[in-house]
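Below: a set of structures, written as structure tokens.
Here come two complexes built around chain A, the first alongside chain B, the second alongside chain C.
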Partner chain A sequence: MTTDTLRTLLTVLVFPGGLFAMALGLALKGVERRAIARLQRRVGPPLIQPFYDLIKLMRKRTLIPDTANAFVFLAVPVAGLASMAVAASMIPIPGFYEPSTGLGNLIVLFYLISIPAVSLMLAGSASGSPYGAIGFSREMAIVLAYEGPILLSLVAVALHAGAVTGQPILLSLTEIVRYQQEHGAFLFDPWMWPALLTYLCFIPANLGIAPFDIPEAESEVLEGPLVEYSGPPLGLMKLMSVTKSVVVLGLGIALFFPNGPAGLAGLFIFLAKCLVLVLAVSVLKAAVGRMRIDQAVLFYLKWPELLGFAGLALVIARF
Partner chain B sequence: MDFFSKAARKSPWLYRINAGSCNGCDVELATTACIPRYDVERLGCQYCGSPKHADIVLITGPLTARVKDKVLRVYNEIPDPKVTVAVGICPISGGVFRESYAIEGPIDRYLPVDVNVPGCPPRPQAIIEGIAKAIEIWAKRA
Partner chain C sequence: MLLKNALFLVAGCILAQAHINSLDELGGLGRKMPVTFAVFLFAGMSLAGIPPLNGFGSKLMIYEAAFEGGHYMLGLSALMSSLFTLAAILKFAHTAFMGQLSERASKMTEAPMVMLAPMLLLVGASIAVGLFPGLLLVPIAHLQTGLGLEPVQASWLGGLPGVSSYNPLVMTVALVATGLIGWLYYRLSGSRHVTSYIHTGGGVMIPNARMHLPASALYETPERLIRLALRDKPQVQDPQTESHAHDH
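Now for the complex of A and B:
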């Protein structure tokens, strides 16, 4: 009993949640910044620049504005980071790590993934700054727009995996991964492509990547919800967003393309897939400008939503 | 502890304050960051939107009477340790606006300036050198 608890704690705090996910997220962020610099033919920062930034922020002074609700202001970065550490421990690394069933299923994971967005909203509204309030309203609008498509995509995968394994619906990520490793990845199944495309559309909005980095637009609303943060709380917020990128990319890999060898090689294949996704995201970020919030919301309510419904309909029609 | 202070030195974030500048120096600052030839991100710098995220503050303009209070307020929002760089001739002496009734500068009457980068506008290379000097000063303060 105690060893089980200890093991769960270790998976949440050290590997693959907590420390591992945070370090991986920071490293991927460094790769992203370097890749964007190279695409613009600049030299770019060193690969470990995000680690330097984090250490610097941890040593700076914390300022709390008079107008802020100090408790909420300081609590949300911790809550957001903690939710992401737990979520990261629920992402299977195919062939290397399987999350224990006690941690929860796809539904819990879906809710955990939306907590950072809630943290950002709370941070923006608790800071008492008008820029924070604008960031709050923008964040809420875009969350409402992309939650629908991502839910449709997850349900399509869960229904499909359930149908092929003879259950009504399959909500365990471990089982979904295991089925794909035995019978081929959903990536190569044309029936699943609408769901895959929906998931790919969800990634930039959730991670705040151009053209959907509207809530945290630094040139218009001074990084929106983060405007009043300084020092360690800002560092935790940045850490939360890089950990979120690991969770979201890892979930995409687990849902659509978890195939890989067993053992340590599986871990390296997983890292390589993360790297490919981050490079793709960097190309997108370097290539496009920022949309307006109304354009982004309309885009999400139209195309990814439509694709999501198409994916769900295909899965239902097939069985 | 020494390792951490060394690492922290490699991440100076920049914030721009326009104290009534004609925008010439601001265009040069944007150039310094944005075009491939003069990349300050290789020094670990990053322009940030909020004064509360900043380490090095770049001030342009002769500090006009109308903008003085706002500039001082924004300056006080920047957490310590911080380093101030005056970019262009205006914050240093008033430049072409010298002895005008509308300006309150030079800026070092009100703020401690650490590095002066004169020019109208200064060349990007000069601005980068100013930032590099500011990083050295900042490392001693941090």
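Now for the complex of A and C:
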């Protein structure tokens, strides 16, 4: 019991949750900024610029609006970051790390992934700024739009993994990864492609990447929920969003293409996959402009939703 | 049950302080009634199924049972419905407790202790059962064995029965431990807190009521889409006539 608890604590605090996930997220953010700069023919910041930013924000004063609910305003970045650090420790790194079981399964992970969005909404609401409130309203709209498709995608994968292993549904991420390592990745199974596409559609909306960075649109609502944030709370907000990118990309890798060698090489393969995904995301970010909120919501309710249902129907029809 | 009751009591507290009949008359109450707000936020978040709070554990068992039993669509709808709970809770939290103080709200004070105590009791019970589901499960298992039924899997410190090995105690400890990272960041920074005015883009002397986004203005996009799907007349005016209305 105690060694188990200690191991769990180590995994959420140091590796692969906590500090490791945060550092990886910051490094990936650096890569993303540099890649976008190169695509726009700029030199771009150094790769460790996000680390510098974090230290810089730490040394600034904390401005709290007089209309803000100070406790909620300061607490939500901490809660969002904590949820992401724990979520990162629940993602298996194939051949290298298996999450401890006490933290739960895919459904728990799904709920943890939605906490940063809740944090952002509460932050915008608590700041007392009308820009923050508009950002909160937009965030809720887009969450309502993308949550359906991502659920359909997750359930399709879990049902498929369950069917091939002779259970009603397989919700353990560790076992989904293990099955794919033995029998080939879902990425190469055409029946799973609708679910995969749905997941890919979910990534930009969840990470707030163009064309779906509507709640935090700088030019219209001054970064929405973040408008009143400054100094250390802003640093934590940024840290939360980069850690979330590690979690969301890592979950995608675990669900569809976890294959890799055992041992330390497995970790490097995992990092390489993250890097490829981040580069793809940068290209998307640099290539497109921002949608309007109603366009984005309508888009998610149409295409990814349809793809999600198609993916689920294929999985159910197949067995 | 614990949470719903707590929410009813919160509504009662607000009503006892001001006899209002529309959410839009409130605003900024969080600073006037901090304890009531804390209870509301806890019960609301728990009801929306934010782990590791109490409401999440029961939701998790329902989802797993639905999926295990092959009722995928029921499970999916249940998962989606908790999102709508969240939307409702956040809307209430924003309109009543956050933002600028409304005229009515500025005269309100924290509810008396006799009204706070029952709410805090319910929250305490919810935290206890949320952290240690064994508190209820072990007596239930004893009763079941007494009646000759197959008992549920339960131990005092253990997690929830079911396919997942989710243990709310482990999750809470993990979240608190990682929360310390953020707390440490605040501590290490030693940043000075300064009270500031909100950014208004240069506007000055805007009355409070105009700065607070009312309940009816939140979630416009989903509302419009639902009306569209139901072929209802859109309640939201198109931008041109609306801007006309503001001009006059």
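Couple of notes before you dig in:
Just so we're on the same page, the second predicted complex is superposed on the first by the 319 of 319 C-alpha atoms of A that agree within 3 Å, B and C clash if a C-alpha of one lies under 4 Å from a C-alpha of the other, contacts with A are read in each partner's own complex, and residues count from 1 in each chain.
Definition applied: a contact is a pair of C-beta atoms (placed from the backbone, for glycine too) under 8 Å apart; a residue touches a chain by one contact, two chains touch by 3 or more.
Computed from a predicted structure; not experimentally measured.
The larger set of touched chain A residues comes from C, when the choice is between chain B and chain C. In the superposition on chain A, contact of A:41 is made with chain B only, not with chain C. Of the two partner chains placed by the overlay, chain B and chain C both lie in contact with A:63.
Residue contacts after overlaying the shared chain place A:279 against neither chain B nor chain C. In the superposition on chain A, A:310 contacts neither chain B nor chain C.
Legend: residue contacts after superposition of the two complexes on their common chain; A:228 is shown touching both chain B and chain C. Shared-chain residue A:200: touches no atom of chain B or chain C.
Common to the chain B and chain C contact sets on chain A are residues 59-63, 131, 222, 227-228, 231. Listing the residues of chain A that touch chain C in their complex gives 5, 8-9, 12-13, 17-19, 22, 58-69, 71-72, 74, 77-79, 81-83, 85-86, 89, 101-105, 107-108, 110-112, 114-115, 118, 121-122, 125-131, 133-134, 136-138, 140-141, 143-145, 147-148, 151-152, 155, 158-159, 168-169, 171-172, 222, 227-228, 231-233, 235-236, 239, 293-294, 297-298, 301, 312, 316. On chain B, the positions that touch chain A within their shared complex are 4-5, 7-11, 13, 36, 39, 41-42, 44, 46-50, 52-53, 55, 77, 79-80, 142. Residue ranges on chain C touching chain A, taken from their complex, read 28, 30-31, 34, 37, 41, 45, 48-51, 56, 60, 63-64, 67-70, 72, 75-76, 79-80, 83-84, 86-87, 90, 93-94, 97-101, 159, 163-167, 170-171, 173-179, 181-183, 185-186, 188-189, 191-199, 201, 211-213, 217-222, 224-225. If you check the complex, the residues on chain A that touch chain B are 33, 37, 40-46, 49, 51-53, 55-56, 59-63, 131, 218-219, 221-223, 226-231, 234.
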